[in-house]
Each structure stands twice: as C-alpha cells, then as structure tokens.
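In the two complexes below, chain A is the common chain; its partner is chain B in one and chain C in the other.
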Partner chain A sequence: MNTLKYQSQAVAKPYFVFAMILFVGQILFGLLMGLQYVVGDIVGGLIPFNVARMVHTNLLIVWLLFGFMGAAYYLVPEEAETELHSPKLAIALFWIFAAAGVATILGYLLVPYATLAHITGNDLWPTMGREFLEQPTITKIGIVVVALGFLYNLGMTILKGRKTAINMVMMTGLIGLAVFFLFAFYNPTNLALDKYFWWFVVHLWVEGVWELIMGAILAFVLIKVTGVDREVIEKWLYVIIAMALISGILGTGHHFYWLMTPAYWQWVGSIFSAIEPLPFFAMVLYAFNMVNRRRREHPNKAATLWALGTSVMAFLGAGVWGFLHTLAPVNYYTHGTQITAAHGHMAFYGAYAMIVMTIMSYAMPKLRGVGEANCNRAQVVEMWGFWLMTVGMVFITLFLTGAGVLQVWLQRLPESGEALSFMATQDKLAIFYWLREIAGVVFLLGLVAYLYSFFVTEKKAA
Partner chain B sequence: MPDNLQQALGASTNEPTASSKSNLKKLPGDLAMWFFILAELTVFAIFFIGFAIAENLNLVMFAEGKAQLHKVAGLINTIALITSSYFVAISLHSMRVRNDRQAVFRLILALVFAAVYIVIKLWEYESLFEQGIDIETNTFFTLYFLITAFHFMHILLGMVILVYMAKNAYQGKYNDSSSESEFSGFESGACYWHMVDLLWIILFPLIYVI
Partner chain C sequence: MSERFTKGMARNIYYGGSIFFFLIFLALTFHTTKEMPKRDHRENITESVVRGKALWEDNNCIGCHTLIGEGAYFAPELANVYDRRGGEAGFKAFFSGWMKAQPLNIPGRRQMPQFNLNDQEIDDLAEFLKWTSEMDDNNWPPNIEG
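Coming up: the complex of A and B.
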C-alpha cells in the first residue's frame, strides 16, 4: 500500500538501509575494542586498537550523516509540498558516498594508516591524523562534493515549494554542517591552534548545527504522530534552537580551557555550557506535552516511543552527562578520562542515533510500502529493540562513569608521585570495562531485535 | 506536568484561549518568551554567583577594580534604562487604550534612552582601554567585561525588538481586537525589555557599588 505523499521521498530508503549496515559495523567494532581494553590483542594484530577505534567512530559519523541525509530527503519534499528537485542526483550521490565510505573504511583496515596517508597524497595537503577527521584528504573532498550536491538538491526543492519553519531549521542545520566541515581542511602545524580549529568542526557540529537537525526532525515527527497544530510545534522549535545556539556556540569555550587560550575562556565555557542542558530539557517537556495533547491516535506507536525516548536520552546524555564535567574547575581533573567516554556514548546515542531511528521508525513503513505503520507484532519487536539498546546504553554509560570516577581518584587527584600511572590505573578499572562489555552485548541484542523487526509480519489467521 | 502549563504551552485542542475572561490571571506575552527570559536570567544568575564567589576569594583585587570604574556613568545608565523601561510600560498602556500613534512615540522615547545607555557604555569601555585595562587584566576585569558586554548585547537585541514593535504598532498590526496573539507579541517584547532593565539593576550595585 503506497502511502508516500511524494514519490521522490523514496530516495530516502537506500540512505536509511545503508546507515543501518554501517551501524552494525560500528557496534561490532565497539565490542571488539571493549574486549581489547581488558584482554589486549585478540585478533593476531590484524586490527590494532587504534584502528578499531578509528573505524568505530568514523562509522558512527558516516552512518549518522547517511541518516540525516535520508531524513532530509524524506521530510523536505513533504514539508515543501513538492517532489524532490532531482531524485536521480540523490541516488547518484548515494552511490558515490557509499563507495567512498566503504573504500575509506577498507583503507583503514587493509593498509597501515601511514601507507594510506602516503597513497592518498596526504603530503600534498595534510589533513589526516586527527581524531574523527582521520579520512584521507580525497575522501574529505568527496564529502564536500556530496554535501554540495545534496544541499543544491534540497535547496532547489525548498525554493519551488512551501517554506516552513521545519524546512528552514533543517536547511540551516545542514548548511552549517557543511560549512563547519570546511575547518577539517585547515590544519595548522601549531598543535594548540590545530586543536582550536578542530573543535570548530567537532563541537559546532554536535553542540551546534546538529541540534538544529535533531530539532527539525523531532518537530516533523511530532506533527505527524500527534496532529498538534504546526504553529504551536514551530514556535517551541524556535525557542529551543535559540537556546541551543546561544549556549552551544559560546559553550565551545569548554574545549578551550587547556589550549593556551586566554583565561576568560574558562568563564565563558563554564557558564554557557552550564546552560546547554536547558534546550535538551525543553525538548523533553515539548515532546511529552505534544504527545499528551495529541489529536489523533497514530497507528505507529513505535515512532512515538522513539520520539519521546530521544528527547529523554539526549537530555541525560548530552545535557546531564555533559554538565557533569563541563565546569573548568571540575574539568581540570576529569579532562580526557572515562567520564568523557561515558558522556560521548550516551550523548551520541540519545541525541543522534535515536533521532535517526525516530524518523526511520516513522518513515520506513511508508517507504517500504507497508502502510502508515508496521503490524503490531513488528512494532512490539521494534520496541524490544528500543528498550534493549537504551537500557544497554544506560549501563554502558554508568559503568564508564564508574570507571571515570575511579580513574580521577587514582590518577588525577593525588599529588604527583603518589598518583598511579595511566596504565596502572587502567588495570584497576578492569571490572568496569568487563561490565561495560556485557552491557555492550545487550546493546547488540537490541540492535539485532530492531533490525529483525523489519522482517516481522502479522501471523496469518489460522 | 500541570494542566495549566499544558494549556499555556498552547497545545490545547480547545478553542484558541479563554484568557480574555481572566486577564488578571493571564501571564502577559507569550509563554515561549517567558521560557526564553528564564533561560536568560539563569545565565546571568550563574554569572552573578560566579562574580560573588570570585570576589570573596579576591577581596582586594575586586575592591581595587571597582574603584577604577566610573560610578557616575553607571548611575546615569541605571537612570537611562529605568526611564526607557518606563516609556515601554506606558507605551503598552497606550496600546491598550488603542492609541497607536502615542504608543509608537513612547517606544521611540524608550529607544532614545536606550541609545544614551549605548553611548555611555561605549565611552566607559573606551576610557578603560585608554588606561590599558582590558579583559585579561585580572579576574575582576575579565568578569566585568564578560558580564557587561553580554548585557550590552542584550540591550542591542532589545532595541531591535523595540524597533520591530514600533514598526508593527505604526502599521496598526496590534489593532486586531479579534486576535489575542497579535497583542501578546507587544507584551512579549515589553517583557524582554523589562528583563534587560532588571538585569542592569542587579548588575550595577553588584559590580560597581557594593
């Protein structure tokens, strides 16, 4: 049963499917690293820890980008009330991006990183070797080309169609995403300066423009599943993104504490990032309020669960766990410990992985021609996936937080000389790492359940 | 979440609102603006608390810093902002009695007093820079510049909002008695301006005087 309003929305489907394939890869490499933390090398040196980590984080970023693109191709035409400008371009860019992504990951796995840098001509324009931005320069150029084509396609669609607040916020977020990525090409030799501009990509993505993308997707799904007036949802979207941008942009200061930057950054970073939980808290109130005030009972209960879940988990992971170590006097001790890892895991899952699964949950039944929603059995399995992944992530976060607190206690707080060394501290944290690995397996089971839900159909009546 | 908050969030499925019956109980302006104001007040509250703690840890430095500030300039600015807020308040009154022209005139007067603030504040910064004092001089001046500059940016935003209100009032856009929401836009802008004024009333004694 075809329930798509605009047939060109169908181009979102390969983006979502490929995002899920990469997601599986990300989790498998995460589990591998989790084991490497406690038992060392287990694959005969084939996949060293640093490579596994690079693949784990790069797959995350790339699958989220595929998810955002899928979300944009799905919601922009529907909001603009017109067909996508060029579905062919969207499909062509999908294959280019997918091929470049796979080639890059294979490059990480099959040749030493230095060799990869050499054969991709990194010495001509050195951009490699920085956390999360490890991609060869040629891949980075490919990402820019794909982003330009993508923005052109959406921009033309919006220009010829209805202009809504959701589309404007989504486009602002996506344009910001592309613009801030350009700082990945600027790589000063001074390490402090390098880090300074590196945060322009990393921070202004996740605590700036990505929040706009999240807000727009959440608003779109809430309008669809609750039937609440667009004006009401859009007004609150504006309030939330205004708070997110003010706190998020000045909150960049929390990365500048220890970079030889002027001391006022410690005040700016501390105060404005202390405000960063507010927009996330506003999103929780907003999502629950709109669902409570719903005007219709949408058959897709799972999508509603994801929408509520992403608001809560983003608030906990990005808001609360971010605040935990954001004040300069606290960060002096916690900087770069497992507390950071705890925050990173729950924030990425809560805010970004879950928002992609929210729009997928809403859109996939329509994209696959199932109808407004999956059958009841499939939704129950999907909700199992939701809970197993979410509970798994809560425990991953709690165990990493425990590890982080102990790490600070043993390695950071004691006067020098009495403090344990980094590696000696790691040995003491082993129990937390084992528990984290178990929680990771629960997460994987949740992911399997989630993916299985796509294949569940209603039992035939006997 | 309490029902009244849910209603105020506007997601009610009922008729627009029943607020016209109980104007006294109704929050002036849009609830969204109040959320925004609360967020702003929170930022400043953290700044003020940070300032107070830093002052307690560096009593001599803060006393010396305050002695270098121009208290008369601060006082003139306090009076300018209170006067400006007064004109916004009586401008709202003009709106309520449907005298749009008078409302616009009063908003312009409010903007003039805001401009007085801008000029004096810039002169103050300039004279500090001439003495070789800037944001990196010491913790007192780091906080002085951060807090007052952040407040300064709010004055600028507030002035943009006042201009927008004056433009709409001039075009008679708040004159639609059938629409609650049109009038609440004016109230929202006025609330924002009062917040900016209120912040200075706390900021001036805290940083300049006590």
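Coming up: the complex of A and C.
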C-alpha cells in the first residue's frame, strides 16, 4: 500500500538501511573495545584499541549523518509540498558517500594508520590523527562534496515549495553542520590553537546545530503522530532551539577551561553550559504535552514511543550527565575520565541515535509500502528493541559513571605521590568494565530485536 | 504557552539571540587568540616539535591516550608525561626505551603497539611532549598522575 505523499521521498530508504548496517558495525567494535578494556591482549596486536575506537566513533558519526540525510530527504519534500528537486542526485550521492565510507573504514582496518596517512598524502595537508576527525583528508573533502550536493538538492526543493518553520530549521541545522565541519581542515602546528578550533566542530555540532536537526525531526514526527496544530508545535520548536543556541554557543567555553586560554572561560563556560540542559528539558515537556493533547490515534505506537524516549534520554544524557561535570571546579577533577565516556554515550544515544530511529520508525513503514504503520507484532518486537537498547544504555552509563567516580577518587583527588597511577587505577575499575560489557551485550540484543522487527509480519490466520 | 506569546516572537528570539551570542563568542575567540601566545609558549615550537606533532597525529596516539584530557581514556594522560617520567634529566632516555620495548606482551595487560619509529622520530615526539608539558593550561591536571 503506497502511502507516500511524494514519490521522491523514497530516496530516504537506502540512507536509513545503510545507516543501520553501519550501526551494527559500530556496536560490534564497541563490544570489542569493551573487552580490550579488561583483557588487553584479547585479539593480540590484530586490531589495536585505537583502530577499534576510530571504527566505533567514525561509524557512529557516519551512520548518524546517513540518518540525518535520510530524514531530510523524507521530511523536506513533505513539508515543502513538492517533489525533491533531483532524486537522481540523491541516489548518486548515496553511493558516493557509502563507497567513501566503506573505503575509509577498510583503510583503518587493513593498513597501519601511519601508512594510511602516508598514502593519502596527509603530509601535504595534515588533518588526520585528531579525535573524531581521523578520516584521511581526501575523505573529508569527499564529505564536503557530498554535503554540498545534498544541500543544493534540498535548497532547490525548499525554494520551489512551502517554507515551513520545520524546513527552515532543518536546513539551517544542516548548513551549520557543513559549515562547522570546515574547521576540520584547520590544523595548525600550534596544539593550543588546534585544540581550540577542534571544538568548533565537535561542540558546535552536538550542542549547537545538531540540536536544530533533532528539534526539526522531532517536531515533524510529533505533528504527524499527534495531529496537534502546526502553529503550536512550531512555536515550541523556536523556543527550544533559541534556548539551545543561546546557551550552547558560549557553552563551548566548558571545553576551554584547561586549554591555553584566559581564565574568564571558566565563568563563561560554567554559566552558559549550566543552562544547556534547559532546551533538553523543554523537549521532554513538549513531547509529552503534544502526545497528551493528541487529536488522533496514530496506528504507529512505536514511533510515538521513540519520540517520547528520545526526549527523555537526551535530557538524561546531555542535560543531567552533561551538567554533572560541566562546572569548572568539578571538571577540574573529572576532565577526561570515564565520567566523560558515560556522558558521551548516553548523550549520543539519547539525542542522536534515538532521533534517527524515531524518524525511521515513522517513515520506514511508508517507505517500504507497508502502510501507515507496521503490524502489531512487528511493533511489539520493535518496542522490545527500544527497551533493550535503552535499558542497556542506561546501565552502560551507570557503570561507566561508577568507574569514573572511583577513578577520580583514586587517581585525581589525592596529592601527587599519594594518587594511584592511571594503569593501577584501571585495574581497580575492572568490575565496572565487565558490567559495562554485559550491559553492552543487552544493547546488542536490543539492536538485533530492532532490526528483526523489520522482518516480522502478521501471523497468517490458521 | 499563552496565546499572546506568538510563533513570530519565538522566532525573533531565536534569530536575535543566536546572532547576538554568536557575535560575543567570536569576540571572545578573537581576544583569546590574542592572549594565547603568553600561555602556549609558541616561541618554543621548533622544527622538531612540529615534526613531533605530525608523528603524534600520523600514528593516532590520541586513539588510546588523552592529551590535556582530550582523546581516549584507555591509556595514560601524556600532556604531563614529561614531568612524570624524569623531566629534563631522564625523560628522553625513558621515552626512547619505552617506545622500543612495545608491545610489552604482559599477558592480559592493555597493549601499546610497536610503531617502528627511528631515533630521530622518537626524539621529535619527545620534543613535542616536552613543549606540550610546558604550556600553561590553567594548572590542569590536579596531580602528576594525570
């Protein structure tokens, strides 16, 4: 049953499917690293930890980008009330991006990183070897080219169609994503400047423009599943993203405390980043409010669950766990410990992994020609996936937080001479790491259930 | 939200607020980059330090270690390893021995790979770590263990 309003929305499907394939890879490498944390030589020298980590984090970023692109190709035409400018371009860019992504990951796995840097000419224009920005320069250029084509395609679509607030916010977020990525090409030999501007990519993404993308997707899905008046939803959207940017831009200062910067950043960063949880809290109120005020019973219960879930988990991961270590006097002790890892996991999952699964949950039944929603059985399995992954992530976060608190206690709080060394501390944290790994297996089971739900159909009447 | 607070007002706060705070951010960034030379001691960035940073990146050291608290949390902080492991008197000897001894192959222990660097390269990396340790990072980390 074809329920697509515009046939060109169909280009979103390969983006979503490929995102899920990468997601599986991300989790498998996460589990491998989790083991390396406790059994250091588990795979000998075959896949060093740094390689596994690059694969884990880069797969995450790339699958989220695929998810955002799929979301944009799905919702922009529907909002603009017109077909996508060029479905052909969208499909061509899909293959280019997928091929570049796979080649880059294979590069990480098959040759030593220094060799990869050498053969891709990193000495000509060094951009590699920085956290999250490990991609060869040529891959980074490829990402920019794909982004330009993508933005052109969406821009032309919006120009000829209706310019809704959701579309404008989505577009601003995506343009911002591309613009701030350009700082990845700036790698001065002075480490102090390098680090300062590195955060223009990382922080201004997740605590800036990506929040616009998340807000736009959430608003779109809420309109669809609740039938609440667009005016109301869009007003909330503006309020939320206003709070996000007003707090998040100067909130970047929470990463400048211990760089070679003037001390006023400790005040600016602490004060503004302390406000950053607000937009996430507003998203919780808003999502629950809209669902309570719903004017229709949408048959896709799973999509509603994801929409509520992402607001709550983003608030916990980004808002609560972010606030935990964001004030300068606290961050002095927690900076770069397992507390950071705990926060990074729940925030990325709650805000960005879950918002992608929210729009997928809503759009995939339509993209696959199933109808408005999957059958009941499929939705039940999907909800199992939701709960197992989410509970798995809650426990990953709690165990890493436990590890982090103990790490701070043993290694950071005592004076030099009395503090335990890093490696000796890690040995004491082993139990937390084992528990994290178990929670990680639960997460994987949830992911399997989630993917399996795509293949569940209604039982044939006996 | 009350009816008097309209979508248009929300939109104006969004545009006005973000542009305003972005401009402040740019101004502070400008001021910070002017202040940085006092703290990063860039006058001490030698050819060797520059090569050392490139080696640091080309071997993805950040994939296991933190450097001033950023990076991976699998292996020790290295912004102050120069001070922790001997400083002026002993660091270079320690560091060269350390790089050559990898992997330690202690069963069950986390492994650092062998990067096959020559003496010149090891010296460059040591110079990079020395320079890094001498920057003024507002007194972080709290103690020598990093």
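The rule is short, and it goes like this: the second predicted complex is superposed on the first by the 462 of 462 C-alpha atoms of A that agree within 3 Å, B and C clash if a C-alpha of one lies under 4 Å from a C-alpha of the other, contacts with A are read in each partner's own complex, and residues count from 1 in each chain.
By definition in this document, contacts are C-beta pairs under 8 Å (C-beta built on N, C-alpha and C of every residue); 3 or more make two chains touch, one makes a residue touch a chain.
Remember, it's a predicted structure, so these values are computed and weren't measured experimentally.
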**Asked** With the two structures laid over each other on chain A, which partner does A:Ala263 touch: chain B (first), chain C (second), both, or neither?
**Response** both
**Request:** Using the touch definition from the top, say if A:Ala282 reaches chain B (first), chain C (second), both or neither.
**Result:** first
**Request:** Return first, second, both or neither, reflecting whether A:Asn122 touches chain B, chain C, both chains, or no partner chain.
**Result:** second
**Request:** Kindly classify A:Asn292 by the partners it touches after superposition: chain B alone (first), chain C alone (second), both, or neither?
**Result:** first
**Asked** Counting only touches as set out at the top, which of chain B and chain C does A:Lys235 meet: first, second, both, neither?
**Response** both
**Prompt:** In the superposed model, does chain B or chain C contact more residues of chain A?
**Reply:** C
**Asked** Looking at the overlay, does A:Arg53 come into contact with chain B only (first), chain C only (second), both, or neither?
**Response** second
**Prompt:** What is the contact status of A:Ile271 with respect to chain B (first) and chain C (second): first, second, both, or neither?
**Reply:** first
**Asked** Both chain B and chain C touch chain A; at which residues?
**Response** 235-236, 238-239, 242, 262-264, 268
**Complete:** Within the complex, chain B is touched by chain A residues 228-229, 232, 235-236, 238-239, 242-243, 262-264, 267-268, 270-272, 274-275, 278, 282, 285, 288-290, 292-293, 295
**Message:** Quick check on the complex: what are the chain A residues that touch chain C?
**Reply:** 33, 36-37, 39-41, 44-45, 48-51, 53-54, 113-114, 117-118, 122-123, 126, 128-131, 134, 165, 187, 189-193, 195-196, 231, 234-236, 238-239, 241-242, 245-246, 249-250, 252-253, 256-266, 268, 332-333, 335-338, 340-341, 411-417, 419-423, 425-426
**Item:** Residue ranges of chain B in contact with chain A within the complex
**Value:** 1, 6, 9-13, 30, 32, 35-36, 39, 42-43, 46-47, 50, 135-136, 139, 142-143, 145-146
**Request:** Provide the residue numbers of chain C that touch chain A in the complex, in ascending order.
**Result:** 1, 5-7, 10-11, 13-14, 17-18, 21-22, 24-25, 28-29, 31-33, 35-36, 39-40, 42, 45, 49-50, 53-54, 56-64, 66-77, 103, 105, 107-111, 113-115, 132, 135-138, 140-146
